[in-house]
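The block underneath contains the structure these notes are about, expressed in structure tokens.
So that you can tell them apart, the chains are marked A, B, C and D in the order they are listed, and the count of residues begins at 1 in each.
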């Protein structure tokens, strides 16, 4: 089991007209990811509206902020008991057997224009044996072709541009991997949360975007940027792509400061807490079909 | 009340490997759109899987087709009792008061890259009085700038291209109008169904793509291509854009023939059936918030 | 020596307002490509204006056509005495030693956006030994990744789209190869002319677009679509890309019919005429620097 | 007459491998723009290679720089005796009467994809009376729709993106205006040089990109960004777009500092020197057809 103490601090300065925010920075609650303690502090005395999306479990918080400074502090204690599987036993699911709530994730989306990449994906991956290994090959293809470079992309950068320009941040690696998976009819979705284990040379701890792919009977985690230790990811949200699960969607004139994020894992053999580490098993924080179909 | 007899006939030739289809050609059932009779015939003895999406009410049918010919005949008797409203009384809803299930429709999507059009939309529409009139102005802007031209676009054409190239079919008009609405934070979605009243010079009766915009407390119909009589539209599905509600999403090698569509309205004063006609009131087939929030 | 009898027939129907044409369908005259006989017939009694561009040798013909039918018949007897070189001895020229009139061909152009492909090209070709072999590797990369498919592209399709969509005609193969060459600072230009030796299954004889790359002291021919026998190409024009050397640039309302093209090679051992054939030597119809610098 | 003292200072730090530069920062010599004094200092003892392009008069300087610091100081005394014309008398030239060396400037180029804007341009400008006034209307359209914002674009930004995003710097205004002119068959080219009279609030004096349009019998100056006094522009180069006439095209690893530019006009009634000022006449530094055709 992984035990993580998480702290997120966000700072904004808001114009005279005020601004609306939709945050997605609460840790998701799933059978594999339990929240044992949680707190949220807002520097303004405004009432946030919380909403958990039934289909995804994403926890959105809307805030109608007043002019001036807005400071937000979120802290959570998160216990992760990943579902683990042997990659060799994880097959792709044929389109006709995909659960209805999964099928939308093979369609193209704003930043993952898979419809334009079908020939490329078949040319590159069409002959590989289907299953976890093929998805891993897509991940490796993306990782080896794109160079991680801070500030090399912006909020309108999509998989097509990343494929051309060959540079990006974790968000861009994720969009390209998702687009390529969908182009061979493998459901893939965008996941957000907090980073763990990244090389400090890449910058201070940050939010993380990664990929979940539907294999066998649930969604498995992939980290196409290869910068982190996926076992330490705390999941906030999942969606079609970054349009669905931005950490903060802002309406109004706002200046943003860089987020301050701390995610520290606790090692404690008595309580069974190990540190996140690279492993060859497939990892999922998803609970499988029985819960999904219960939505 | 509008009473429509609808017939849809689709013809495909399927390669030796077979093919999977996801159809969205069943008329939606809403408080405003009742199906009094319905039939579906498939030329192959395959079992279709039907699924109604809880969030949208879209009725999807998956078919695992065998090699050879596939013919599909759908017929429905549809009664439409539109919700009508005075345009002057329909206001835009501020972001902070949008229902949670509506807010996703101000985000960009595959074919509606509203994130790139914010400056343009504010420049063109930012000073107009908010409400139905502003949405109508967006619709008029699109209609007057884009030329309806059969076969001028393809399945990867998006709002950005339509804005540049200034040519398209109903799908393209809809994507551009949706993108512009979202760029000023007005929720807009893509609706599909059958056409009514279009000039025969534009071709035989066809599927129709149009727009629904969230104003006041529900979704209202707009026809940006201006080719039809919206009161006669039978709705199949709604989604973020064409990626969500293609009439047929096809996996495999398939040759498609043009669909054959008949939608005839019945006039019968005794039963209260009138013919679809242009009107100045705002029309909705949506039932308003109580039902949406019940999902 | 290659001896080719060439015939080109073009047919247009011109609207009531008339139309202007700029044709580039005259065979270029170079030290390696001699025109021993030539004729041009226009079905309208209009006076064409001929102009040979000093920098490229392209022969342009402007015609101000009247309403109605316009038929154009061009015939030429062309003798090709290619400059041949051993690929192993053809090196790339460092930027600082490129002739001034060549350097523009490492810059991006309308359909060859090499500026966006620098990382990709360095990633794929940066470690290869510079010279003819590297250019051949770029050619092979393009040929193996793009599928030749008639009518799969249009006049606005550029190298970026071809790289994404992986489908095209000879023009698209050429644009992508040119963009990749320029991205590693190898001068490359677009060449047009007539096809030779293409598989009849790909359609009737047609115009051909191919690539010339500057290596050693002159421009060498490459055929990235791999559909033809380059030794049989008759060159019309060269330019940055298709924007410079369209066969016909048309101003006005015109309906075009498919061109009718015949290019037959004559075999005659007495006169030293051999048939075009694949060969391992590098071929050029360019006369080298002394002439170029004389412009 | 305008008399300008010009100083340009450029600073680079060059990696261990050295780097090649192609500069275009020498003032052009034309009958309207005379250079009475000129000096160039390079901080490295390398021999620059100068080349004047026959077709455009652009003066290119190639430098093979050594590792370390490279400082370049260019100074020139420039006398401008503009050709002036009454806008009301400047007509557009029909395609069939365009000089051969001008016709290329109605074709699309890397950053000016006029081929995609034909419908838009005809829709917006097709009904206006042809001539200087129509070009001025295109200029005004661009200026009123695009917002000048430093650092809002990059070296791959093209007219299409500027049309969508509605933001840019002088280079972007120029590309969009050029693309729209070409889309209605009006020859337009990209001109570079030094700014004059810009509001200091927009930043320190800088290079300037502007537009020249062929009307009557020569190229006239337009300033689509509207930030400067065109009469004070010193011209360096002209080309299809920024790809042809970058101030510095750099090959190799180089860090660039912001250029330091001074352009001061001298007022001296005795010698007939007036200060640059806004005027209603059309201005040209081009000498008209007799010289151009002499190339």
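What we mean here is this: a residue touches a chain if its C-beta (ideal position, glycine included) is under 8 Å from a C-beta of that chain, and two chains touch if they have at least 3 such contacts.
Note that the structure is a prediction, hence the values are computed from the model and not measured.
Under the contact definition, chain A and chain C share no contacting chain.
Between chain A and chain D, the superposing rotation on Cα atoms measures out at 180°, rounded to the nearest 5. Over half of the residue numbers found at the chain B and chain D interface occur in both copies, marking it as a same-residue contact. Once the centre of each chain is set as its mean CA position, chain B and chain D turn out to be 48 Å apart. Averaging C-alpha coordinates per chain places the centre of chain B 46 Å away from that of chain C. For this pair, chain A with chain B, the centres built from the Cα atoms lie 31 Å apart. For chain D, residues that reach two or more other chains under the stated contact definition are 116. A ring topology is adopted by the chain contact network, closed into one cycle in which each chain touches exactly two others.
Applying the touch definition to all chain combinations yields A-B, A-C, B-D, C-D. Chain A makes touch with chain C in their complex at residues 116-117, 119-120, 123, 145, 147, 160, 163-167. If you check the complex, the residues on chain C that touch chain D are 20, 22, 49, 51, 53-55, 60, 62, 64, 94-96, 100, 103-104, 107-110, 113, 115-116, 155-156, 185, 243-244, 249, 251, 295.
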